[in-house]
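Take a look at the structure set out below.
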Amino acid sequence: MSVELVDSHYGKSRIRLLKVARFPDHHMIHDWTVDLSMRGDFDAAFVTGDNRHILPTDTMKNTVYALAHGHADEGMETFGRRLVHHFLDQHRQISQVQVAITGPVWEPIVTEGAAHPHAFCRGSGATRVAEVSGTPDSVTITSGIEGLAVTKTAGSSFEGFAKDRFSTLTDEMDRVLATEIHARWTFHEARVDYDACWEAARDALLERFANHKSASLQQTLHSLASAVLEACAPVADIRISMPNRHCVFVDLASFGIDNDNEIFMPTEAPYGLIEARLTRT
Amino acid sequence: MSVELVDSHYGKSRIRLLKVARFPDHHMIHDWTVDLSMRGDFDAAFVTGDNRHILPTDTMKNTVYALAHGHADEGMETFGRRLVHHFLDQHRQISQVQVAITGPVWEPIVTEGAAHPHAFCRGSGATRVAEVSGTPDSVTITSGIEGLAVTKTAGSSFEGFAKDRFSTLTDEMDRVLATEIHARWTFHEARVDYDACWEAARDALLERFANHKSASLQQTLHSLASAVLEACAPVADIRISMPNRHCVFVDLASFGIDNDNEIFMPTEAPYGLIEARLTRT
Amino acid sequence: MSVELVDSHYGKSRIRLLKVARFPDHHMIHDWTVDLSMRGDFDAAFVTGDNRHILPTDTMKNTVYALAHGHADEGMETFGRRLVHHFLDQHRQISQVQVAITGPVWEPIVTEGAAHPHAFCRGSGATRVAEVSGTPDSVTITSGIEGLAVTKTAGSSFEGFAKDRFSTLTDEMDRVLATEIHARWTFHEARVDYDACWEAARDALLERFANHKSASLQQTLHSLASAVLEACAPVADIRISMPNRHCVFVDLASFGIDNDNEIFMPTEAPYGLIEARLTRT
Amino acid sequence: MSVELVDSHYGKSRIRLLKVARFPDHHMIHDWTVDLSMRGDFDAAFVTGDNRHILPTDTMKNTVYALAHGHADEGMETFGRRLVHHFLDQHRQISQVQVAITGPVWEPIVTEGAAHPHAFCRGSGATRVAEVSGTPDSVTITSGIEGLAVTKTAGSSFEGFAKDRFSTLTDEMDRVLATEIHARWTFHEARVDYDACWEAARDALLERFANHKSASLQQTLHSLASAVLEACAPVADIRISMPNRHCVFVDLASFGIDNDNEIFMPTEAPYGLIEARLTRT
């Protein structure tokens, strides 16, 4: 029997990094988790145990800390790109580098109406993410948001859908819509203010979710993705994924109680899952 | 051989409840997880399988939804007390009822500078909790907060501590302090505005954390608990627990880099854990 | 306003420890997570920031590794007792030490019908636990098991229970019973073979669960706890906790299908939760 | 501005299904979590809110239960294929169906040396998985295993690797190797005994891990994937992923203790991650 190694990659996952930028009048923190993965001329290691081309993942971890120094206020996308170039430049056996960075959003604690200079609390549950993938020829940058939890209690219906012999769901004219927005977008420009773009995208997602009159989560998702493309000129393409966290109406009629759209049972599983990719044309 | 059943209780855990209060100009949501547990005259069920005194946990769940109806804007503590009285009144074999309620904080989405009337996003990661425990003779109410994540990048040191042959830690004069505040408090008054008290406690915790000059997490914790007692007159007693989420200084000297308090490695485990209880005297 | 510090303790949580015992013909591993907590004369640290009595949690962590060395084949309970004595002996300001140890069960990989000498796979999901708590006057040892997941598809009913206006559950004569066993026991003897006792307890729990004709999870739980007391003579007292992981019968009648006790929907939440403590008399 | 919907799919995730096969002398259980996702002619729903082509995910969930009935002993792969054909046959607007099924392994409880007929305990932490993806033209079946945790305390080294200015790792001649095996394989035959193949693959992974002399986790991973191809003739292609769960040697020299490869600190993060795909040639 003969086998062929058709693809391989390796790297270090979940490198934890906290950067403190100490400006004269305030501090800023970046609290990141970094994943690195490399492709290259590694077949001898996999097949025969020859490690000469293998840069240990421990060294990759050290590199993250070393390259972060002196750049405490640098954002995810720029740091990711710098890591990609470093590994490609330093090790000729590496042909592709993928960097994924995620992190919670920390906000200054507000005391006496003002942002405290060096104390922070975790903001909303949403997570900022970035992915940078590069070869000696090109680099691709992706930004995104994960876990932006939103719920609306009006302006959502689901009617007129297909039925078959296993259908039991009835038309819902005024339902609770609960979901978490996960979105990742790429750019058609090289020079982008990634922070401004991320904030504009998040604000567009929230505002559109609030104001969109939803005929389905499919339609809402399409509208949200469109809102990001409208709000962020540098964005070329967006992938978006949203679970339908069903809030089940609780029928209390058998207890002589008329539940007038007031009492619901949120459920974790199962959930609908809607995903799409939209591009600017 | 002979065995004795010295204690028993049973109930339903993780009942999910979403209440929508539909006011004329805006909606309000409560998104709760309810745990119920009962003690009482249940020995025959445990020992011989005689279920006549056993109120099924399925009925307990139904009761949560039925009693929630018509009280969509009621808070955790008041709903918990009503549940306690219901079970004690309806079932004479029940001698003690414990209710624990937890829920994330949802905030209105802000669009065009104003709170949207019926769209919400999840606020900070902190969770509000309440516990109500009652017998036919008395009821105890506890309020609390879980998972209030905070970090400060100045004003924290740890020096002058005890040493022994296994000590390796050196004095830290300017460290990063990262923790999550978990606190639960009880009251010495019967009529309390629980919502106002919770917000005052959370604000006191955040402000004190930001402004306290910390000689240790022990001292910070004591100061935070004191701040709640100072800020909330109805509070009699507070238990507080805080993990020390160590942010390890990364030594880059072997790479010729002077890490001037800029680059850290946050760690999940192990962590210090400090806990205390303070009372008003 | 005046506050009183009525209780405090601190320590290190989630210290990860792997011990490799290298016997001539085979190896043995212990893969533990250790939590330490201390009470003592620490008020000055909490109240005024005076750290002179504070043994850093970092030193506690170092101590775990240092004291583990040379005792790679020692069990949880004995190691916990040794840690307790060490801290009480070395630091007079410490008045109480609590040690909690948990760990998965690793089993030798079986190759060609025999246990491999130095390769291991994780056994069932169950976790072994031990707690040792001590003062200069006395030490208490607790052993236990967490997360022993079991299911039976016959021999379980639930009938004849109490009803009220919110009851909807009907008698179940032949239901699926799914649960996870969590149990902790203490001893009335000082010299115990803790390993043998743990295995006897686990085997007793499994065998009794399989063979017990269940009228309720309450009755099953009582019978399981009794089985441990019967099987393990050194055990004095047992606390046991079991969630009822409801497997809901799926009614397919509206599709013209008669579900003859074949198709169920397991649920994560809500779940019944039954707990008791039994002692030998 | 104009946007284009370039891809979309939707379905139901985390449908929980327990099937009980009641044979005369014993029972068998399948405890699965099913994810469904569909592509098709759904653009009108996404873009304009026209739901006429949308089969609700609630109906998809009902279909899983309805189609499972009467097939309690059917395996993941066969059930997945039946679901794919059902949706493609019943709804012409659906052009692709993806089914993913995962489930823990339940084993009969052994009492008095024999398998109990209707009581089960959860086996090792490993999870069995299958994916079936189909269009009107073709169906692809994938089997796999997730989370097979293994550790070896001899026969593993890592030496002779590449170095750069950020390298600090030294050669390791006798290290502890801890990992979890995740693997998925496809078939070059249509008629396969999927259960026999899964068990042969798992056994091959365990045996090879135990006996392989490892020069790196990369080499071990390649050898494990090869072992599956050798052991399972119907397998055409295998993807395999393994984290390096580093067990860090604890240096106790500063305490005057010589750690002779006995005491280690297992770490959760960061971890090396190695992935590859091998095909039969």
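Chains here go by letter, A, B, C and D, matching the order in which they are written, and residues are numbered from 1 within each.
Definition applied: contacts are C-beta pairs under 8 Å (C-beta built on N, C-alpha and C of every residue); 3 or more make two chains touch, one makes a residue touch a chain.
No experiment lies behind these values; they were computed from the predicted model shown.
Rounded to a multiple of 5, the C-alpha superposition of subunit A onto subunit D involves a rotation of 180 degrees. Same-residue interface: subunit C and subunit D share over half of the residue numbers found at their contact. For subunit C, the chain with the farthest CA centroid is A. Between subunit A and subunit D the centroid-to-centroid distance comes to 24 Å (mean Cα coordinates, whole Å). Computed from the mean C-alpha positions, the centre of subunit C lies at a distance of 28 Å from the centre of subunit D.
In this assembly, the C-alpha centroid of subunit A lies 37 Å from the C-alpha centroid of subunit C. Residue positions 16, 62, 66, 166, 168, 255, 268-269 of subunit B are each in touch with at least two other chains.
Contacts from subunit B toward subunit D in the complex involve residues 165-166, 168, 254-255, 268-269. Interface residues of subunit B facing subunit A in the complex, by the touch rule stated above, are 16-22, 27, 29, 31, 62, 65-66, 68-70, 72, 104, 106, 109-112, 116-125, 148-155, 176, 178, 206-207, 209-211, 247, 250, 252, 255, 257, 259, 261-268. On subunit C, the positions that touch subunit B within their shared complex are 1-16, 33, 35, 37, 42, 45-59, 61-63, 66, 90-91, 93, 158-164, 166-169, 214-216, 218-219, 221-222, 225-226, 229-230, 243-244, 268-281.
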